[in-house]
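Both complexes shown next keep chain A, but they swap its partner, so chain B is in the first and chain C is in the second.
Let's look at the complex of A and B:
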C-alpha cells in the first residue's frame, strides 16, 4: 500500500503514473471522489472494498510487528499516517453511501438503484424504511382521516406515488475524462455537442454524463 | 384553516439553523390534525349532498363540487405540511446520531416527543448493526487526518485510570495528553475534551 516502494526502482514517470493509477489506494480514492460528488448512489465496489480491508489488516499487523521490534519511530509514524489515510478513505466512502441511503431510501427501494447496494446496505435501507414508516404512522398518518393515510401518495386519488424525495439529477458536477471520448451529445434533442478531451475539466449536468460515469470513462472531481 | 396554521408550524422549523431544532410543538400539531378532520367532515358532507341531488360525482361542476375540491386540497396541503414537519425533524435526528453518538444529551432529549425518541433509538440500532456487520466504526474519522496523534486538553473529569491501547491515562480536568486520533474523537464529540491546535 505504501507508495515508497515504487520510487527506488527507476521507473520512467509515465510507467510510474500508470502503475500508481492501478494501486488499490488510487482506485479507492477515485471511487471515493466519484461517490462524494455524485448526487445519486453509485455501484458498490465490493471487491475493491474487500481488498482494501485485507490490505489495511496487513498494514496493522505490520505496525504491530514494528512496535515489537522497536523500529525507528519516524518510519512507524509514516506507516501509521498511510494506514490512517487509507482507513479514512474507506470509512468516508461507506459513510457517504450510508448518508445517501438515509436520505433517499424510499426512492432507492423502488427503483433499480436497489441493485447498486451491498447486502448489508440493503438490510440497513430496509430497516431505515421500516423505522421511518413506523415513526410517520405513529405521529401523523394514524390521526388523519381514511384515504389520506398513505406514506407514498398524497391521497388515494393520486395517480402515482407523489411523496417520494428523489435525488436531484440535474445538478452540475465537475468532471474530467480519462481518455478522449470525442464528440458527445449532451441531451436528447441533439442540440449541444461537447468534445471531451482527456484531462480537461468540464462542468456538466449530472444527468447527461450518467452513462459515461457508469462505464468509467469519466471521473467526477 | 386552509393550511395557514400548518404553514406557521413549518415556519418554526425553517427559522432554526440547520441541525438545530426547537421543542416539538404538540399543541399546534394537534390543532392542525383537528383542522384536517374538520376539512374531511366538510368534504364528506358536500359529497353526500351531491349524491343526494342525484348528480354524477365525476362530472358535476357545481359550487358544491368546487367546495369539496377546496377541502380536499387543503387536507392534502395540511398532510404534506405535517409530514414535512415530522420528516425534517427526523432528518435532524439522523444527523445528530452521526455528530453526537448513540446517547443524546438531556437538553436535546427534552425537545423530542415520544415517537421521535423511539425513532432515534431504532435508527441508532440499525446503524450499529450495519457497523458491527462490517466490523468498522464509521463515526470516527469525520475529518481527514493530518496527524496520527493529537494533543488534547481534558475539559471535564473523565476518571483516573482510563485504559486506551494498553496504556492507562489519568484524565484529570485541565490536563493535557497526547492521544491517538481515533481514541480521542469519541471524547471530543461528547464535549469532554478539546483539541489543542498549534
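Let's look at the complex of A and C:
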C-alpha cells in the first residue's frame, strides 16, 4: 500500500497510513508470510481471522446477489478473483499452522506454545496426541521391553524427554525490518551486534529475532 | 539449485512468490466504462475510456486478457533505465542495484500478456521495444545471479548474519534453501559446545595425513 511521506502529524506518517490504508487482506498477507517462513508456530491472529471470515462471507453473499440480478459476467468474474485470492490466503494460513501442529504436537502440548493455538487448533492437537499415542502404544511400544515404552523418552533412564521432535529455532530466515533497529545482539555471548537498516534484506538466526517478530518490528520474507 | 535435498526448505513455491507480486500496482488505460470495484483487497475504479488508473497487477492482467485495457509498462521498464541498471550491475561486483522487489515476476507477467496478444498486433504498443527490454532483463538477472553465487562463496564460519541489500523476491526464494543450510551448518559446527576438551582430543588423535584445512578443532 502507499507510504506517505508527509511529516508533522505527531506520530509517524507510516503509522497513520497503515492505520487507515491497511486492509485486512493486507494484514492477512503479512501474517501468512510470517507464518510460512517461521520454523515454529506463531500466535494465532484470532481477531484478524474472524474479521476476514466475516468479510469473505459478506462478499459471498454479494456474489449471490450478483447472480440473481444478472450483473455482467466480467464484474462477477473479477469479484470472484478477489474473493479467491483472499480465500487462498486464509486457507493457506490455517493449513500451514495445522501442518506445524501435526509435526510438533507433543512439543506444543507441553510448552507455552499451547497458548498460541486457537480453540479449534487445540482440540485438533489434543486429538492428534491421543490418536498417535494409542497407535504407537498398540503397534510398537507395548511390544518393547519394560523401560523403553514411553512415548516421550527413549528409556526410563533418560533425564529428559528426548524423543520429542522440536522445531529448529536455530534455522536462518530472511527478513526485512520495517524501521531501523539499532544495535541489536545476535546471540547469547554478546559477540555479534548488528544494526538493522529499514527495508534492507537480512539473513539471520530465527532465535535472535524472535522477539522482534512478535513485536512486529521485523517481517519475514 | 543442485544439492537441494530438502524440498521444505524453499518454504514458498514460485507460484506463491508470484501471488505476492500480483498485488503490486501498475497503470492501465481502460477502453471501456466500468463502475468502481469494491474488493476485499481495496477499492479500484471507476474506469473510464482512455483515463489512466492504477490497479493491482492481477486485475490488470485479467482485464488485459479480456481486451478491456492496455497496460502501461512501469517507469523502470524502459530500455534506457534498464541499460543503466545493467551497466551499473556490471560495474559494481559486490553491490546490487535497486530494482523493484518483484521485478522478475512483474516483467514476466507483463511479457506473457504482450506475447499472447502480439498475434493481433494491438499489443505491440504496450511495451515499446519489447524484445530489447526482455533481453535486458534477462541479462540483468544473469549478472545478479552470478553475483549472488560469488557472494555465497565468501560465507565463512564467522558469518552470523548476511546482508542482502536490494535482492529481489524471486532471487531470495531461489537461494533460500542453500543459504539456510549453509549458514546452519556453519553455525552448528562453529558452536563452542562442539569443541570440548581440546587437549584430550589432541592426545587421542593419531597423526594422520593432512586432510586439508581444519578449522578451530585444536584450540591453543
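Here, the second predicted complex is superposed on the first by the 200 of 221 C-alpha atoms of A that agree within 3 Å, B and C clash if a C-alpha of one lies under 4 Å from a C-alpha of the other, contacts with A are read in each partner's own complex, and residues count from 1 in each chain.
Note that in this section contacts are C-beta pairs under 8 Å (C-beta built on N, C-alpha and C of every residue); 3 or more make two chains touch, one makes a residue touch a chain.
It should be emphasised that the depicted structure is a prediction, and the values quoted were computed from it without experimental measurement.
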Fit or clash - chain C, chain B, common chain A: fit
Partner chain in contact with A:212 - chain B first, chain C second, else both or neither: neither
Touching partner for A:81 - first (chain B), second (chain C), both, neither: both
First (chain B), second (chain C), both or neither touched by A:29: second
First (chain B), second (chain C), both or neither touched by A:136: first
Contacts of A:95 with chain B and chain C, given as first, second, both or neither: first
Which superposed partner A:123 touches (first chain B, second chain C, both, neither): first
Touching partner for A:48 - first (chain B), second (chain C), both, neither: neither
Shortest CA-CA distance between chain B and chain C [superposed frame, angstrom]: 6
Shared chain A contacts, counted only where both chain B and chain C touch the same residue: 77, 81, 85, 88
Parts of chain B lying in touch with chain A, wherever the complex brings them together: 33, 36-37, 40, 72, 75-76, 79-80, 82-83, 86-87, 90-91, 94, 98, 113, 115-116, 118-119, 122-123, 126-127, 129-130, 133-134, 136-138, 140-141, 144-145, 147-148, 181
Of chain A, residues touching chain B in the complex: 77, 80-81, 84-85, 87-88, 90-92, 94-95, 98-99, 102-103, 120-121, 123-124, 127-128, 131-132, 134-136, 138-140, 143-145, 148, 154-155, 157, 163
Complex interface listing, chain C residues touching chain A: 11-12, 16, 19-20, 23, 34-35, 37, 39-42, 58-59, 62-63, 66, 68, 160-167, 169, 172, 176, 179-180, 183-184, 187-188
Residues on chain A engaged by chain C in the complex (per definition of touch): 1, 23-26, 29, 33, 36-37, 55-56, 59, 74-75, 77-79, 81-83, 85-86, 88, 168, 170-174, 186-187, 192, 194, 200-205, 221
